[in-house]
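What follows is a set of structures to go through.
What follows is subunit A paired twice: with subunit B in the first complex and subunit C in the second.
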Partner chain A sequence: MITREEIIRLTNEALKAEFELTDEQLVPTAHLQQDVGLDSLDAVDMVVVLEQKFGMTLRQGYDIRSIVTLNDLYDFIEKLAREAGK
Partner chain B sequence: MTETPSVVITGTGAVSPYGMGVEPLLDGLFSGKGCMHTVPELEALPMVKTKVAATVPEADYSFIPRRDRRSMSRMAKYAYCAARETLQSAGYDVPPKDLGFFMGSTLNSISVWLEVSKNCLEKHLELVKTSDFLQIMNHSPLATVSQALKINGPCVGAADACATGLMNIGLGYMAIKTGLVSQAICGGTEEYHPMFSACFDIMQATSHNFNDRPDESCRPFDKNRTGLVCSEGCGLLFLERADVAKARGVPILAEIAGFAANTETENMAYPSAQTLRECMQSALDSAGMEPAQIDLLNAHATGTLIGDIAETQAASAVFGPACRINSLKGHLGHTMGASGSLETIACLAMLERQKLLPTKNLQTVDERCTPLSYVTHCEDAPVQTILKNSFAIGGNNCSIILRRPL
Partner chain C sequence: MYTLRTWFNTLIIGPLAIVWLFVSGLLAAPFLLLFPDKTGRRVRRFVYLQSRGIMFFVRLCARKFTVRPLPHPSTPCIVVANHASALDLYTVSVLGFRHVLYITKGWVFKLPFFRFVMRGAGYVDAEKTPPEEMLALCKRGLENGCDIVLFPQGSRKNPQARFKSGAFYLAEMLQVPVIPVAISGTEEMLPSGSLCLHPANITLTTLPAVNAADFNGPVVHLEMARTVRKQIMDVVNKENVK
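What follows is the complex of A and B.
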């Protein structure tokens, strides 16, 4: 089963590559919009790159408004991974 | 009839195979430097005869903010750099309010299209990102650059293949004449992909007999020419009403004295001398000028067998055998949608420096080209007016007349 640490590592890896971010920006409490600087177009592309990274569908039931911080994002992916038996 | 306002050019910006900016472009042209090279993708294709192209040197575009850059294909990045330079050259740090923007390209980014197509073919449409889509929209460079630089007037792009750059200058000229805008950035942008070379190759329109000497491969009007060399870049010009420019106190590079466009309807790929003649004559009529008042014809001449002959026949019919004529494709190759505007920038420099650029690689004029006064070396000459042509596959022709400011 994928660990939360692994989820954080893979998520951060994908976000850094796609959005040219640094480790310093990716603290768990960081606000995706205000602190990390992602906008609505980035949010759409983020789903695509994370789906590729984790090999599972994120877009169904995905509600960007409910994901405010990086921690929210990790929680969301972890929940889906558990549901998928990963 | 109400007199329409005069339109002048007050700024320029360029990205070309000579590098980033107008200065390297003009340095390259006036020094006769070469910028062509062999292309490994073409060398790997035995069926494709041409092996050469001219491309913009690799550059780091990370200075463009990520949010703007994420939706930019390579040709949009060229356009961003050229637009910034154009604004600065016209005396602006930020675009003036209601600035118009008229720019297009022949195709959108083939390299991005291929990435998207790969996902389509492999039935993975879910992998297509928004930023991919934004890079392959037909008006992607126009949209992304206007967003990035906050150009908020009308943004419209003519897409007329090889005539795109000049056609957009014509659009901007007409938009100012008719009062739609008082200022506009105009031109064309293009990014090279070997597909361009392969397509023109199958049409028997590429250079293939100088593959071992790339800088000699494009030879407009020369008896040993076999065709064009594909190239890329972006050329943009700042157009404005003459009274606005004078009120701002900025230097005027040239007045646009006339413009005309027409369409060849008999053949999509081969322009007739008659249609080209009519296009140039219409430009003269729109300027209220006689042929004898034109000091130089800056030809479209790409180095193809048929196109060069037709253009010289048309030039002779309009101007007679004393017509001074040059083409800049021997230097730059065919920058496609950017050619009309990049070459117009060179025309402005010829007006300013009072020098005529030669047709690079023109050693012996093809006897099938009509006798004219071909410029074969860089020469000092009094030049007050230039008529510049751009013609496109598809039959889209246009001619512009530039007049040196008094």
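What follows is the complex of A and C.
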């Protein structure tokens, strides 16, 4: 079973590579739009890179728009990973 | 730096360009309203002529104005360019893209006067249009012979910003070439948030077409976005240090 630490590491790794972010920006309380600087169109790309990173679909059955902070994003992926038995 | 040329551009040429926008709009409006066409072709033709006019004024403001076009591909295509100035919208007109469909952010559709042109020409709101509808609208536009123009950085705030992948997703799904366009100098002439027109060396360069079929990665449109951004920014950065 994938651990939360592993989820955080992989998520940050993917976000840093795609969006050229720094470690300082990727604190769990960071607001994805205001602090990290991702807009709605970036969010679409974020979902694609995370799906690729974790090998699971993030788009079906859940409202991704409810994700506001990085912590929300980690929670969301953790929940999906548990459901998928990863 | 504010030179005499900056003041001349800002106080004389800039207002003339605005007069051109309004006078040409007022002259064209009765014809466009009396003879509407469903495809928006006439409005797009009008936008092309207006853009050529604006680029004439940009030439007058520039220290040096260089255009490096390539022949248009045999099929309609998706044109992507870097975006650092409000002037960028007009630049594709001098590179041989005459019949274009812009995909822009929603706020442009709220501007007085411009919103009528945007709707009349059939331009697409990138924020409000669902992906399936966007694909259908772009497909129809390409079938009508339009080139689709996007600025994948999405904003003028950061000239080095990453390219969002939407344009490349469209190219992959619709199997059309992407034509990269490198715009340099417009940021110096009219930076985001400024009303002054500084003299600058403007260079507009069309780069060779990029096709989704040339990419093998797991997420082709993201790979394309990264590659095309690098191609464009390499040209822009090279021009900026000249």
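Everything below uses one rule, namely that the second predicted complex is superposed on the first by the 84 of 86 C-alpha atoms of A that agree within 3 Å, B and C clash if a C-alpha of one lies under 4 Å from a C-alpha of the other, contacts with A are read in each partner's own complex, and residues count from 1 in each chain.
The definition used in the following text is that a contact is a pair of C-beta atoms (placed from the backbone, for glycine too) under 8 Å apart; a residue touches a chain by one contact, two chains touch by 3 or more.
In this text the structure is predicted, and so the values were computed from the model without any measurement.
Annotation: superposed three-chain arrangement on subunit A; subunit B versus subunit C shows a clash. In the superposition on chain A, A:L41 makes contact with both subunit B and subunit C.
With both structures placed on the common chain, the touch criterion links A:A84 to neither subunit B nor subunit C. Legend: residue contacts after superposition of the two complexes on their common chain; A:V27 is shown touching neither subunit B nor subunit C. Of the two partner chains, subunit B and subunit C are each touched by A:Q52. Clashing C-alpha atoms with subunit C appear in a single stretch of subunit B, chosen from 37-45, 91-99, 199-207 or 379-387: 91-99.
Residue overlap on subunit A between the subunit B contacts of one complex and the subunit C contacts of the other covers 19-20, 39, 41-42, 44-45, 48-49, 52. Interface of subunit C with subunit A (complex): residues 126-127, 154-155, 162, 164-166, 218-219, 222, 225. Every residue of subunit B that touches subunit A in the complex is listed here, in rising order: 66-67, 70-71, 126-131, 134. Chain contact summary for the complex, subunit A toward subunit B: residues 19-20, 37, 39, 41-42, 44-45, 48-49, 51-52, 59. For subunit A in complex with subunit C, the touching residues are 18-20, 39-42, 44-45, 48-49, 52.
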